[in-house]
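Both of the next two complexes hold chain A, though its partner changes from chain B to chain C.
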Partner chain A sequence: MTSRDSRSPHGVGQRVPLIDGPSKVTGTAVYTDDIRLPGTLVGKILRSPHAHAKIVSIDTSAAESMPGVRAVVTGSRDLRTFGVLPISKDEVALAVDKVIYVGDCVAGVAADDEETALAACEAIRVEYEPLPIVGKADDALKECPPEQKLHPDTRHPSNLQKQVDQNFGDVDAAFAGADHVAKGNFRFIGVTHAFTEPHCVIAHFEPTGRLTVWSATQVPHYLHRDLAAVMDLPMHRIRVIRPMVGGAFGGKSDPFPHEMITALLSRRTGRPVKIRFDREEVFLTNHGRHPTKTSIGVACDGDGKLLGLDLDALIDGGAWGSFGVVTTYYNGVLSVGPYRFDNFRYRGRRVYTNKPPCGAMRGHGAVNSRFAFEVLIDELAEKCGVDAAEFRLRNLLPSNTTTLNGFRITSNGTEECIRRVVEASDWKNKRGKLPYGRGIGIACGFYISGSALRINWNKVPQSTAHLKIDMDGGVTVHCMAAEIGQGSDTMLAQCVAEVLGLPIEWIRVFSRDSDLDPIDLGSYSSRVTFMAGNAARRAAEVIRGKLCAAAARLTGYDAEGFDTRDGHVVWLPNPAIRVPYLDALLEAIAGKGALIAKGCYHDAPPMGGSHKGAAAGLSPTYSFQSYVTETEVDPETGFVKPVKVWAAHDCGKALNPLAVEMQIEGCLHMGLGQALMESFGYNRATVGNPSFLDYKIPGPLEMPDVEVHIVESDDPEGPFGAKEAGEGPLLPILPSLANAVRDAVGITMYELPMTPDRVLKEIEKKERASAVREASEAANPKETVR
Partner chain B sequence: MILAPFTLHRPESLAEALSLAAKLPDGGYDWIGGGTDLLQNYKNRLNAKDHVIALDRVPEMRGISAERIGAGERLAVISESAVVRERWPGLAEAITHVASPLIRNSGTLGGNLLVETRCYYFNQTPFWRGTKGSCMKAESDECLVVPQKEICYAAYSGDLAPILGVLSATLELASPAGTREVRIDEFYAGDGIRKNVKRADEIIVGVKVPAEASTLRAGYRKLRHRDALDYPEMGCAAALRLDPSGRIELLRAATTAVDVVPHFLDFSELMRGQEPDTAFAEVAAAMEERAQPKKNTSMPVGYRKKMVRVYLGRLLDDLRAGRTEGRIPAA
Partner chain C sequence: MAETQPLRGPFRVPSAADRPPKQVVRLNVNGHAREVAVRPSDVLLDTLRDDLGLTGTTRGCDMGTCGCCTVHVDGRPVLSCLTLTLLAEGAEIRTIEDVAPAGTDLHPVQRAFAQHGGSQCGFCTPGFIMTSVALLARRPDPSDEEIRREISGNMCRCTGYNKIVESVRVAAAELRGEEVASVASPGDLDVPRGAYDKPAGAYRSNGHGGGKSR
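Let's turn to the complex of A and B:
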């Protein structure tokens, strides 16, 4: 513990192994697929083999008459559409009249066993009439007749879903007056989450008329809401349970058609129905990072002061809206830190194409623009002859400021992040000084720590926690914050352990059942530690008050002087005066019953500008990071092999340094995947590589050495000073590696992933260019002597 | 994905295996070693048969000696064997390039030599193939890589044929009709569907390695995205012996995954007495020249071809210098 004494051996700042770890490593953790309810039917989905086609007819009679088939459902206009954002509820449980991507759900089948369910799917006759495919984002921008629009009701006369235009200052004037300008057109192919546990859901329409749904989701509350809409049931008639989740990374942060289909099948049969995806279905469901074309210009003056950023992103959304409106904003507005500049123009366009939908993925919306920005910063630094790290230091936003678009910056540890990695990596002796084929690069990052405003416009707090302590002394924490492997259960337990001064074994976290656990909006946008952590802390503080009052009654000393620590309620003016926790508890319970308290995180203080879209990207606080990456580049094969990363991240306060380190390493691994080899490819609108053999995730052998530097800026509003550590740490790894590649072999990579063939092509291009230059210099000896 | 259903037979001897085969209809069964290749294809419903004859209990297919490796031996066992490490360290190291440790615990040598040829359009699920109308090697009659109906261009993608080829290894084949021996470098022929000269009822019983092999410097290098799991996008092997003056005495080279069959070329006669530097450059260029990858794996065709020269050139330099890749820790 660096800045504060912890009250508990497992409190704030302690390295606490995740509390659900033992159940996972011993195989006793219960994931959705481990749940076996009596009489469960197997559900399967018939999917579209066409990227875009009219459904002329569907004949389910043969399937329905097969022995062992209990129900077949198909799409209907009577089912409400849904979607995670209230502004783009454009998804249907099952295709109505047409299919819009390969893998679109056409029919659902429930049968006694898997073989029968699959055979029934094959027995369904669907007549399609293919429609022209909107395959590329550029094509989607073209005006087209309504029947060629994926979603005819949208207001644009093309397949454009959302356009964002923002303009601050005067970008054109800034660029005209700049000493140096760097520009680039960047291309990013899609990537996907590739979590371990495939989607799985069980729905059970109970005889009481209530629907219970168990689902591998990171947004149980949004699932709850959309189930209510699609099933046309009041929310209280639905119970959503989130069992153990085997990874999500944003890939389970939408309410999904298969969840609706399972519920429909259960309603039809009155039996529990389970749908578990195979890996190909996971790929077809995607919702991963959007393929994006990013055009960017950055300008600075002769001293290397940033003047302006001009950004344009064309974002390929695939078939549905998902989080896309947010993505469209984030591609622009999350570039306003950690640097200060006064002129900013952004145009973002997200289009619908006939491909599996894209959505939120770790680092949502920020990764691609960040890459482009940080790569061009290196180019600018070079142009004005300033060291790349120094250039960044000169342009940092300070703490406690407001960005040009109205983001409120409070704690900000970027400067320390940069200084730490520069020193640890021996940057000054390496940058520009390593032999050809070896290089070192730096980049920074900036990310939200939760969204200041809620997705749904109501007054439900963003997160609520309930605490209960009965005479056994164990503390029960209830909060729907979705544990998806990131460690939120442990975080909640630690916050409570810290306030109550108890070892973590006394704390039990319940975060999975909408009947029992109060609403938290879900595990997305890096909000959970900040919001649920605050909710749990506040609830625990109420309980602490009660314990202190009880201790005061027992001892006769004043309640204000008491505090909970090390299993006791201690009178601080004289710590010898102390009451064991259980004694204080019994006194507090006497005649009143179990201690109960709640706490919530409602909203950040009012903030933000008044321009259109001002709320997008507003966060109660932001995380900052800076990485230095050293790499090898083989100039003959083009292979990029990062050897070491110095990763500094400002998480406000590391509630659990062990968990923060794991998040940073995980982010880094995921980012390296996108940087080096992952690519969600298509073969004429069909996902090209829907397996873990063909979708190349780096393995352990591809991982560089990682040295984590946790920077603690002590956030004024975060729980115990904490802010996010789950997404921001992904951002700098991609550009720091690209900048290292540039240092190693002198090429700029405008396209990801940096596969060896692409890198080699760039190296050869550069060599050809310099050969031509040398030849022409030799031919004109006079000209070279300038 | 559910495995295609089949009847499993587990003979206890070579004779029993062969008589089982004789009783089953032609083309009605598959042999299975470790199953790491076959069962994946069965899951994808690719040419699955009604009967599968397992070879794991056939004693004639076991054993590792200074002359022979049983084709039923597991890859991990072979690469860890003291005999192999001492006599053919290049083979031991090549094996560490195959798939992953887990797969090498199951995969056998015979299965590796007969690993199914691979193609982007073939190694897919039934649903996926359905979206493309499937191809000649699976359910339809046309090739989707090079549109025509005669030749399948699926890439031979085994890692061990090249190194065994440059060591001049020979396959022992047995069938109900008798036994025969075929040199590895003459074994592969045909295209992505016909693949080799083995008849369906023949078993690879063992791989014989000539005594000379242990006197050669030999190794294997592999191009792929990740240093584990991935099949070769290109692989190359070479065997080398220099005469006392440091000139070429023996030089053989082989490649994999750049054509429907592995390529083997013995340059010894052509290069005998030459300076290594010029010989190496010529050999690497000649092997690159022969490579004809098609656009049906993950990396671009031109790149895979170009890498033959780079990887083979480096391998030859390493062999001359006595360098290994260091994938096997020194004893």
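Let's turn to the complex of A and C:
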């Protein structure tokens, strides 16, 4: 029919617009706040004004007696704690005895309207007794009496939550024998997701005794589990529905207190209750990227061969555990690629402070260490006199290998990524050759494509898809993989369209209702394309088998010879023998009813080492990136303006090149924000800039030209060879820009964001140093060695 | 030291009894006259979403910083979260629900956003489309720089903006009557039924479009 390889006009490799696009561009897409159930009450949360304080008393009587107030709930020891990781279920729906950050939930109110609910919150009298505030990560490491610990039950005598120590090879010996060593202390301030849709949840405790919760969440399954724990209900009496989600980026990947509070208020009132955050509340509850201090050393020999990496990360977790244990591992272990080295030491510490909780954010755990590593690689390359791109090429991990800590690397397109961006950017004629104030830099990235092991240790497959086809011929795909704007519904539809050889309009995806759609663990850790894609593909292959058998019965040719393609079931030995899809379908259905199949992605093959924490960072496959960034730096003002980015990403196979570009460009924008301007500022422990007026995000005028290069390494286990594209592409933009700044004006940025004042300070520091050097050289000409 | 201090505010939230009564305003929304009872403090965003059920206009910040709630008032894009409903009385208000022509057709701007990656999570999309439609009505052939300036009041966290700029550029071309390549191919099966080899004796129609009796 055409020269394309795919079976469907919208199959693998085709540029397919997102299937929910038409509803989004017409305003008919339904987000949680758009749902209006009859009799819905407005819920509001009274939040703590203190970063750390004992609750002496709470008096809700005045609030409860206000006309229009239907229920007030406060914390209780009877409510179970919860949290996304089974190892750190340290969160409470409502504060018990004390509050641990500004914004902590103290009471929930349900009322007839918003004004009444707000007035009721004002009427609640809370007596606090302030406690010493743990504001800085360094302070959190100090030993303290249990009552000053945020979470007294932890085993450390300080506010340390998690410490990771890993040691492979002999780092000290490697550094002692190295020709070149680069070291640096890097500081990263927190950043936040800044999705456009504020959190919103509706809970309805129905007279049947079932609880239905609509929530803007990336992880409906984890929400389901934790609702069951907190509400003390079996899971089958809870139904979780995920409406359209207006962006998430990791910021909606925890089960949240406000979801629990809404459910509690609904149980109390028997009415639907909706809680919608205002923007300030979104900032106050954060869950963004951790502020981190990263000390790092990298060593190489005289030929530019990497010898070792010595990494230490002090991670400010804020008030709760969230994904923090994973974050602590990821800050270290996601640095073991894409380069080969034999000695690696990592110490990671995550502490509790009285700041809003930090959690998972796009590029989870990998971003800050990656920045530090890639910046120092440029320094090493310079010391060796090796070109920065060449240095990276010399040190790459190959395909089909194992990293020093036991990660199984299968497909690996880093080398092609580097070659593509070096060539496209005219690197050789630009690096080191552009006029002062203009520079070009390179950096690579490495990221998981889903976690090989589940968060909860059970035997539920990581992802399951159900397919149903009845006589109308439309294909219904059920799978709880959360569509959050990244295009997972489209991805599922494409996988099924490809297998069945149907146009995508014949596929409809249901991914939002726990009563109807089988479990997928959620949209986090870049797992959905790999895992849900495989599940959908396998289910569709079962159906294809039934269609082929039906075609064989109809035609008398053997079933094995048939394949589905372009709306037909085609006998491959002689493609003129073809049965229209609908005829084959009706034959397959005859006397049996609708075609039904399921497929799942259960587990990656056994892999990994046996050391403590060996499972952290294990993934069935990894994505690789390399970016070249060209930038202007104004030496007078310190203003950094990236001009163009050549972005190469190995996604295994681009199921949908359009969607891959969308992910890469979105990642790049978010990474540029952290690199240039985004900064979650604190006054001690209080968020100092809880609005888009003060939390600056790059706008359309700040976006550079982006040239995307999709590299396809054809992963052996990914669906049709695909792996992730949603997070890895964020990693290289920050260090490639910093390396371009270094090329432009000769400074190394050890602190993000690279605001003009910081850049200018570094430029002035460099100029002062070179003036001193020149003066001393003039005074002692013989000592001139450089 | 013990203290009581609510977080919300230096402001006092008025209780129900303190609030001024509602008054009826006549609004012209999407070409239709509507009567709504509002308080003087009500903003257009609340009126559209809560009183008129026009939830296509989304709420991102309530303080004029994200542009999600952009609607047209007399053809100009305005932030409905900062516009008092009373002040919109008599004006022509147009929301995302009125951008598409009749039926299920899409406006060229909508089509371009859907097909060229201008929309991901979609929450900011109605605002961007209202801004873009207003721009193209005023300037049919804007430069990329002009597009970027015009959409600077709208925030998108998914796309990185470049594909939004491309979408507006494509829509502008289509609105000027230029030929625009469609990304999406037609999605319906054009497959004649029963048009396959039927080896003799192997198949008998059951009158239901296929199937065989055994």
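Worth pointing out:
We adopt the following convention: the second predicted complex is superposed on the first by the 780 of 786 C-alpha atoms of A that agree within 3 Å, B and C clash if a C-alpha of one lies under 4 Å from a C-alpha of the other, contacts with A are read in each partner's own complex, and residues count from 1 in each chain.
Rule of thumb we're sticking to: contacts are C-beta pairs under 8 Å (C-beta built on N, C-alpha and C of every residue); 3 or more make two chains touch, one makes a residue touch a chain.
On a predicted model such as this, the values are computed, not experimentally measured, just so you know.
By the touch criterion defined above, A:Gly21 lies against chain C but remains apart from chain B after alignment on the C-alpha atoms of chain A. Touch criterion not met for A:His466: it reaches neither chain B nor chain C.
Of the two partner chains placed by the overlay, chain B and chain C both lie in contact with A:Arg47. For chain A, the partner that touches more of its residues is C, with chain B and chain C as the two candidates.
Once the two complexes are overlaid on the shared chain, A:Lys252 sits clear of chain B and of chain C alike. Shared-chain residue A:Gly556: touches chain C; no touch with chain B. In the superposed model, A:Pro756 lies in contact with chain B only, and not with chain C. Of the two partner chains placed by the overlay, chain B and chain C both lie in contact with A:Val102. Using the contact criterion defined above for the overlaid structures, shared-chain residue A:Ala29 touches chain C, although it does not reach chain B.
In the superposition on chain A, A:Thr686 makes contact with chain B only, while chain C stays out of contact range. Overlap of the chain B and chain C contact sets on chain A: residues 47, 49, 102, 115, 118, 278, 693, 699-701. By the touch criterion given at the top, residues 47, 49-50, 102, 114-115, 118, 278, 280, 636-638, 677, 683, 686, 688-690, 693-694, 696, 698-702, 755-757, 760 of chain A touch chain B in their complex. Residues 9-10, 15-18, 20-31, 33-34, 36, 46-49, 56, 66-68, 102-103, 113, 115-116, 118-119, 121-122, 124-130, 193-198, 244-249, 276, 278-279, 484-487, 502-506, 553-556, 567-568, 576-587, 590, 658-659, 661-662, 665-670, 691-693, 697, 699-701, 703, 705-706 of chain A touch chain C in their complex. Contacts from chain B toward chain A in the complex involve residues 1-2, 120, 123-125, 127-128, 130-132, 223, 225-230, 298-300, 302-303, 306-307, 310-311.
Listed in rising order, the residues of chain C touching chain A in the complex are 1-9, 12-16, 19, 49, 53-63, 65-66, 68, 95-97, 99-100, 104, 106, 110-111, 113-117, 119-126, 129, 147-149, 151-152, 155-165, 183-199, 202-203, 206, 208-212.
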